[in-house]
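Going in written order, the chains are labelled A, B, C and D, and every chain counts its residues from 1.
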Amino acid sequence: MYKISFKNDYSEGAHPRILEILAHSNMEQMDGYGLDPYSLQAMELIRTQTGMPAAPVYILSGGTQTNAIVISHLLRPYQSVMAVNTGHIHMREAGAIEATGHRVTIIPDRDGKVTPEDVAAALQQHPDEHCVQPALVYISFPTETGLVYTREELHRLSDFCRHNKLLLYADGARLGAGLTSPACDITLPEFARLVDAFYIGGTKNGALLGEAVVFSTPDLDTEFRRYIKQHGALLAKGRLLGTQFVGLFERTPENAPDSTLFFRLAKHANKMAAQMTATFNECGIDMLVPPQTNQLFPILSNSMITELEQKFDFFHWETIDSYRSAIRLVTSWATPEEHVEEWNRMFKYLTI
Amino acid sequence: MYKISFKNDYSEGAHPRILEILAHSNMEQMDGYGLDPYSLQAMELIRTQTGMPAAPVYILSGGTQTNAIVISHLLRPYQSVMAVNTGHIHMREAGAIEATGHRVTIIPDRDGKVTPEDVAAALQQHPDEHCVQPALVYISFPTETGLVYTREELHRLSDFCRHNKLLLYADGARLGAGLTSPACDITLPEFARLVDAFYIGGTKNGALLGEAVVFSTPDLDTEFRRYIKQHGALLAKGRLLGTQFVGLFERTPENAPDSTLFFRLAKHANKMAAQMTATFNECGIDMLVPPQTNQLFPILSNSMITELEQKFDFFHWETIDSYRSAIRLVTSWATPEEHVEEWNRMFKYLTI
Amino acid sequence: MYKISFKNDYSEGAHPRILEILAHSNMEQMDGYGLDPYSLQAMELIRTQTGMPAAPVYILSGGTQTNAIVISHLLRPYQSVMAVNTGHIHMREAGAIEATGHRVTIIPDRDGKVTPEDVAAALQQHPDEHCVQPALVYISFPTETGLVYTREELHRLSDFCRHNKLLLYADGARLGAGLTSPACDITLPEFARLVDAFYIGGTKNGALLGEAVVFSTPDLDTEFRRYIKQHGALLAKGRLLGTQFVGLFERTPENAPDSTLFFRLAKHANKMAAQMTATFNECGIDMLVPPQTNQLFPILSNSMITELEQKFDFFHWETIDSYRSAIRLVTSWATPEEHVEEWNRMFKYLTI
Amino acid sequence: MYKISFKNDYSEGAHPRILEILAHSNMEQMDGYGLDPYSLQAMELIRTQTGMPAAPVYILSGGTQTNAIVISHLLRPYQSVMAVNTGHIHMREAGAIEATGHRVTIIPDRDGKVTPEDVAAALQQHPDEHCVQPALVYISFPTETGLVYTREELHRLSDFCRHNKLLLYADGARLGAGLTSPACDITLPEFARLVDAFYIGGTKNGALLGEAVVFSTPDLDTEFRRYIKQHGALLAKGRLLGTQFVGLFERTPENAPDSTLFFRLAKHANKMAAQMTATFNECGIDMLVPPQTNQLFPILSNSMITELEQKFDFFHWETIDSYRSAIRLVTSWATPEEHVEEWNRMFKYLTI
């Protein structure tokens, strides 16, 4: 039987508008390798949206590829990137960073966030040339479990990094969900200025593929196109990547600066999650992680989980004790309100 | 002014049938990372088409990525891959192979083809542990300038490799154009059995992206999915890759085994090139390389080239002497007959 | 003022017997790159001493070099080596393992030892192709703080690894001190059979340089000489390495099987440490780590440490609280009994 | 039967003076990892001898190690090093450069020398980001077949590199033989100023091991000690390396600036070769390469080679025709005059 999936935010294809642009431009003859007009337009739109009119922008295909290429590009061979234990580059990228020759230096995980204090402690543990040299801080915004850094947290971390000559790089696979979270008190342009480089995730926010790398700090992208090519990430039909971000960031009467498709899709995902959260709250369900974006981690009895699995797909996240577990529910740009209503209905039914 | 481009075979998007499948499947919820039904179906179609019912198939995004991942997967760290000087991995991939730690051992180039004699000579030049160990032969089918190996050439090379415990890998970026060339006397299944691994190029034959790797020899793909993931090449929305090859290889009444979209598109490209070749012959034009597939290298006077550039885009390939150059013209699945007619008309006009 | 150093076991040159062999053989003309008669003799002596008559033996220069070369040789690119947090490859080798493309997967540290249970837990955390594949267990014998695994601990770990198709590799930088410890209940041949590969440390046991790698498990050393060469570790004058181990393992009337220079030097280092331990016990000093080999970690008041530093060199190891620290004292093959007596005398004087 | 070997210049151990220093200092307690007084003294002596009072100096163990570490340190990941086909890094180092991720871009070989014209041509063949970026020129001084660049050749190459923002690195495995060749019209300080980095070979000029890297251009050695450590090349007993170069460069009444042991040993090697050359000239023997340093390549009949092999060891270098071959004869600091006389005697006898 067909089940509704809350497993992740990349279960569907692309937002129809993106397919429309793709189809519309299909037979135009264009230059390859990211030099096509759609890619150029996308880069310009991103520069505008991030408030960085001079920033170099590059569009890659996926998150692991992007993280490995950007991080190894920013490091010298003897340097490491610092990340929390739950960081995507440590947990779910099959050693991609190490495959480029660099260590991921693990720092303590506080709800998935990096603090200046923990970075400082890590630096102290690397006193001399018998150690790698930690040189770059990797954060996810939002974190792997969907929490957003506050404005103040980001400012403190950014200041610390600049003071200590560390680079700060943000994995924005779910940047849209982060920035449109009610818990978020920072704008994209402000976010962009606080880090040295980051990427804007397309794949998990309505694109077929595509992550757009922005270098906020000048001169960090020397020969980056060559490096992308060397790592097999320069698509011949770069238009495929360009059209995704034209779709996400184009301005139309409907798409005012703060409501380009990118933001509207992210808001929808968060809104769907909020509707589920409301039900959890109503039913007095504990959450493993405070719900801030499009990922929810309710703690449920194993018997209820079994019941829910009859109709829904989701991940078991963590065993809490012998009769309860936390599950992960992910909503997305594509989640229909009816799916959420179906869940809420069944959930309330089971709770009563 | 808009010009007609004969610069390459990836100037347009995808064949409409592929976009159609993509659009049709767009809102279906599927597993990610290549485990979706379209990817699985594509793999099965490829196994059937190549006559290798048990062969592992993997779909990657682009040629440089595919070459680097497959080649480095097949080699041990102290081993090298042998290729001719004009080989794509040596000339146009920004050192992607070396970035994985392996040397490309250059062997003499005879029209872009590798011969057993040249491989044997290379082996002799690597007598001991002070040298890398050449372990894999890389060929392109067709070659960089569009020539096809004959059945006998391939059999000799394959036999030599097996006798000398060398692996043989074929870059099939333009495999379709090669197999449908009038100069080709080998079928896809026979080709597949002669090499240890190869890839079927989608990008240059009507797909948006996608190269399908086939391991003809058993047990060469141990943990290959993990290796793909580690190299950032496992797309979250693997459906994007799967749909491309479903489109290229699906069987319908129209698409008999030998006339799946893949072959029909390639034949069209070759046919368009042949119509241009006919005009060159008629006009007594010398060709730098015998025309066998969808790339043509006519030797023209510089003044004629300047005239043609008013209306057409193409690459200058090689300076012949102070008043003549060879240019490169590429036709594709998307080349309309009118473009060719336009070229032929203007060319004849200029020649008279 | 000159101080006596207990900083480490590589503060002096080589045992005079080794210099003697070096000088004696100096003007003989020999083949280079480890094919000289001294290297061959050393390998044979090591095979005999380890009870592995057919084992391949290779002599490298230093510990970091040896660990990086052996570990990366044994792993496929997508595989990781497991080690405890305090493991030398993690703490003090500047990211040498990661520079070869491999992650060091950290497992919990229980006095520096690896347990089957912790390895099993690590394996469970790497369920699929989105993770690296842990494939090799790295242990130090003795551990970084000088503890020896018991016979039973090693058997359990070895059995677990074989059962789970994991390789087991032992860093033997201080293998001599480990095997001659009163706490050790295992012989070198038995040790050798329990691991797949290990190295016998020369540098920290009386040689100028040199670590001898032994592959206990057949067929693990395919093309290892080539790999050594590729990593710049094949010394042109291999005799320099060969003579070290001829000196350490040659059999003479004085050097019975169990009292070759290697064992005698290690016993001396342990004996010197034991004489210091006796004084610590007498004075009621707590030790951070139980003293088993040639490294001692007494917990002393900071004022006493300041006094001792007037005459002795040693490392501050760990701050215990605001007025106490653990220091590290290392004895060696070269520690004269008078240095220990001097220490003991001053220590007792300060304690009273 | 024992044969006299002219196979290479690393057949013996070290000059007795070096062993003497090693033995004399043996029981002194010193800091490890190259921070001992002998290493520091050696670095200072080298700075003086090279006329570069502020240049950073590092001492590594062997040539392949040194080349791989220096070259990969100087390059960014997407850059290549240019070398002639016969360059040691291409022919005899088992792919060590590629193992660090970099291509060796081959340029035409003119007697083993690199010319500005050939470098310029290579640059033109790498026009865009689809190619690696050649960034460093590797030369050997003398070349692999013992030829020295003239002062003018070096100046032209150096100027070209600086003008084109290329780094210039010299492999000085046999630097002593080069600088003391009658064909050499350049001094060590002048040589040092023309390149950005180079190494002074100890192994082939009387040391047990050791190559001293000098960075002539400021700021090229950022974190180089860490990088050395990461590549397993920081010997714990760094004194072993330091003492070699103290011996080679110490100043004594006997060792005036131009006649430190380093130069005296090299002159001896060249002188021995010259005495053999005189005989070849006398006998009208053709040389494959003009004799300039301590390597000779006489072209001899195969029957004469067979006769000579009864008493001497040497390498067959190249087959000339069906009855003649070029052999390679190498003299060294350790070649006794009697060995040369023995050769000359037998050679003349066979020629008559």
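Here is the rule we go by: a residue touches a chain if its C-beta (ideal position, glycine included) is under 8 Å from a C-beta of that chain, and two chains touch if they have at least 3 such contacts.
Because the structure is a prediction, the values reported are computed rather than measured.
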Field: Higher-contact pair (C-beta pairs counted), A-C versus A-B
entry: A-B
Most widely separated chain from subunit A, with each centre as the mean of CA atoms: D
- line: Distance between the CA centroids of subunit A and subunit C (whole Å) is 44
- line: Per the C-alpha centroid definition, the whole-Å distance linking subunit A and subunit B comes out as 34
Query: Among the residues of subunit B, which ones contact at least 2 other chains?
result: 77-78, 93-95, 99, 101, 129-132, 226, 229-230, 234
- line: Within the complex, subunit C is touched by subunit A residues 77-78, 80, 91-95, 98-104, 106, 129-132
Message: If we count contacts the way the header does, which residues on subunit D are in touch with subunit A in the complex?
response: 33, 72-73, 76-78, 101, 129-133, 222-223, 225-230, 234
Query: Which residues of subunit A touch subunit B in the complex?
result: 4-5, 8, 10-14, 16, 19, 22-23, 25-32, 61-69, 93-96, 99, 203-204, 208-209, 226, 229-237, 239-240, 334
